[in-house]
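We call the chains A, B, C and D, going by the order they appear; numbering starts again at 1 in every chain.
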């Protein structure tokens, strides 16, 4: 599609008039559509963000170095190191909507209390011993757990052990920054609680499948702050066992998925971020799929390969990769693979912008 | 409110004309509002159904006698004996919307497969060894469990043991009959499965708090057919423990409640029937409350007393009682009480007819 | 389906025991399912209500006689004469859920203020000059208009002319009475207003298609109390004209339908009653259809025929007929027909009980 | 807020290590949170977009010059000149979510057919004679009308007169571009219709307040493509008249507002853009308000002043101004003012990010 509202053959005088017009547009803070329509409104999503993979070993080593050099404190708030998509230079964004970081907390360290309109979660690849206090309710962090801090919930972290711990943080910082929706408040300087219960109060009230506590206050955001690995693991195993027995449950052959949901509404656990755990049986290759919207994945256990648009990467435990919008994705594994995924799907669904294209060949 | 559209002083002639008019109304299949407005539109609900209590011991003895005399089979379908509210003579209704019965299945007996537009559940006071097959998925029935058979789901029961088992059935038969919404189909003559797993397939897919199986087919009705006592008990205990620790969770002091909900929507487990388990701490008396809508309760464990309108009853394990609309209710217990409740609240809520009045004095 | 849990061959002794058992059931206020399963749970809806037609001329004549003999006043509240379905003896119900009546108000008469949890509407076949004051807002009643008085809205009527006026009232009295959801309050003894504006305040705020008044208080029930004939007529004409031009809009060939909806939610105008106006082009016969749920129709203009289950009736302006649940219905007209319909569809939809069967032959 | 995870006093060696760490972060495509937390997560929205006003007279003059020099055609698609917020350099965005432009179509010109996932509307300040064909349905454009082209609806414009016409276009281009949700398809090269009806088919079906066409196909997006000025004007007048009479309706004294809504759902006319018309009575000053989210206004008629954060501008017919997120806004007028507003409020509401602060003093 070449000639766009542009005049085919101009006289010198017309060309001068046109130059003057464009110059006057600029002075008047105006911009013509016809010279940039393709960039503004591409045929299919044409993301600036690029597909990209980060190795956990490198990430963790850098986080460890930061642990020795950079204190955690008020202002910076967290020792978190974010994936900075090279296609989005000058930002610290994994994708246009998602922020993803490794957070590292040394022995006995505390990350101070704050709250914000951004939705956040933590997902734990390894380690334990840190508690996240969410509105004063101490939530243990352990391998395989997903922990939420929904919008405007005070939260703080503290390491109760003599060993460091690292995990990933996911937030909607880019989306909220882009549309100017961010509110942030510092909390008290001292921990709201030093309790270290195995099970938080919100779990005791809400982590009972199909049982709603009638006396619990209603809220717009999820009342459940922790989704434990034992439960996730068991739910994924069940799907694959049912498949073995000939019953439905998996999303496609060899591919089990659970979505973390708000037990008070059955919708996504966070209003702007979808969170899921995927399990691929050994020998499984997922159907190549393109989706409007972006996602970040972390290998939780096992190894395999990912085909990410034109690129192919080997995957090992802890590796993180980014899937920009409308980039074709397929995972495969010889020996079995568990992978955590988070995405901006709820944004696309709530705004009527979802689209998926599943095809065998790209 | 005495004089209603009725003429204060009529001449004999006018009286004759009026008599003729009323007679002509009748012949024309018409009825004046003004002579029956108060009955049709009372100031507050004026139910025909009366408050009533049935003793489990009597019920069970009668069911046992039926077990020896009446076979279970096609046509009658179930050996179920329903609470027949004396205020609704000629019916087998507990309330105008709810049907409640004890069902009894002898050693090795089978209740044949059928499905219907009525929503149904079973709640198990005692015993075990019966499996309900719901659309071919074998669901164990054990003490304290709530088992669903949502509208138009094939179901059948069979006793795999050499001992009889009894439980309660709850359905919306009166409502569905009243508004002429009933459809019923007989199923195959032989059991769909003789499997006796401890955990049904639907539980394996869905009984994971906050974890939605992405590959499971969407449905309007609950995909989870069993709510196990261990989970219910633990959820209720947690509420009372949180109260002890000074945190929210109970609906009022000493009174814990969980509602059984559809994990795919977070709304009531059945679209026309609310199901809940209540736990009263020893020494607790619940606030006297009147609610538009009716309910049936069964004491699951413990003893206490119920104030039901003007009536007061002692309560023992297994006793069933009926609360007609707008009848004041208060429970109390010295030693602690667990009670199962089902009601037509979802009907009232979905139709915009809910009303509750909580007051200390009647 | 003959033999139902009943013992095939009983000894005399067993028969005695069975008799004793049934007798004991009765004493204990219990009823076995197996002897009445078919009645309680029919294969398809088996309504007690029967198809029935009332002639407007007869109705109106009786209402007129009542006008001369029975005053309107507090207690009786309204000079309304209800369709009493012969299949529901002892009631004044048109169907198990719907109440339908002709209301008659003489020159200068007033029907006193009250409010109730029942939802109500009026539909005007002919005449004018009465205003219904809804929460103090005077709503003119004119030919072809639908006027609402949603649940718990104070309302009163007064005839400002020297001629009587009659119209039909529709309410959910049977449903609300049956489930014991009724609350009723008398209002003040004097009219809230004697204003007679052509257009009520609620219309001035809300009767603008696609334009929501941002400053209007939110409410659960419809804020719009009047749907004017000019608008309804124009909407129906448009559908048929579009059909003539080859475009979609009608529900089937020659059959236009508009549903009266709540402009604040786009759902049914009343939460328990669906209201619609149907227009059949001359020569049209509607597809025979059975629906779970009941309805009442009034011919607004034109003539034709209705096939109502086994019965066939000629139709003239003003005639009312009742369609019990699952009764096959088809309308036809040589010269064109407008008909108002109201039904309990919202109840069925909200409770998950809807079912429709459209077939050419019954 | 001073010390943020930064080391208070570093030795030279530590400083070297830190420099090396930051350099290694960069090489690894990582970015620390602690050095940029304030920028990423400000206390309140800190938009890059700035408050700004464009004069209609200047805009129109430039559009007219473009009309003489730049043809309309395939590729560029439209002769639209967008407001380019100086705070968002290098873009053609009015705000981070909204695109606003003047579109100019000369005598007899045609803008070719296309469709896209972006939602769009046109609002007409002056003129007439252009028809927008939306999926083949010809929609007249006249002064004061709002015309929709919801996502993925084919549309094209053509000027049937010998005079040029100009109007404003509003789209969610920035949001859709930012989150990579854009799909775009060219349509046929020739007009789908040359009909010029006064009323489009969608209006004939849907523009009847409270009347839903039962036979119309259900859709996720608004079925009504045109909101006519006569109706908007009348709705606004009614609110002010009701205020005069002492009744509710206005949002605050002297300030009437209608929101354009989807008649099939009662929610915003477009899923990502709110559209409203405001009318200020003479002498009115609106309460200074800050809202999370951005908006664009155009004065439709009258004059007045706007206080936009620190800036104050006189307003005349046609002027456009931009309100970035959390910028305080107040309008005032001596002689009365009508103003059209569009905003990203639906995005904020659907994602749980809404916040408003109304206060007398900034």
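The rule we apply is simple: contacts are C-beta pairs under 8 Å (C-beta built on N, C-alpha and C of every residue); 3 or more make two chains touch, one makes a residue touch a chain.
Since this is a predicted model, take the numbers as computed values, not measurements.
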Point to revise | subunit D reached from subunit B - shortest hop count over touching chains | key: 2
**Study point:** Chain whose average C-alpha position is farthest from subunit C's own
**Key:** A
Practice item. Just give me the whole-number Å value for how far the CA centre of subunit C lies from that of subunit D. Key: 44
Revision key, fill the gap. Per the C-alpha centroid definition, the whole-Å distance linking subunit A and subunit D comes out as 29
**Study point:** Centre distance in Å when subunit A and subunit C are each reduced to the mean of their C-alpha atoms
**Key:** 52
Exercise for review: Just say which it is for the chain contacts: an open line, a closed ring, a star, complete, or other.
Suggested key: ring
Review point. Which bits of subunit C are touching subunit B when the two form their complex?
Key: 1-7, 14, 17-18, 21, 24-25, 28-38, 40-47, 49, 52, 54, 58-59, 62, 65-66, 69-86, 91-92, 96-97, 99, 101, 116-118, 151, 173, 175-186, 220-221, 271-272, 292-294, 324-326, 344, 346-348, 350-353, 355
Exercise for review: Give every residue of subunit B touching subunit A within the complex, in rising order.
Suggested key: 201, 204-217, 222, 224, 227, 231-232, 234-235, 238-239, 241-242, 245, 247-252, 256-266, 269, 276
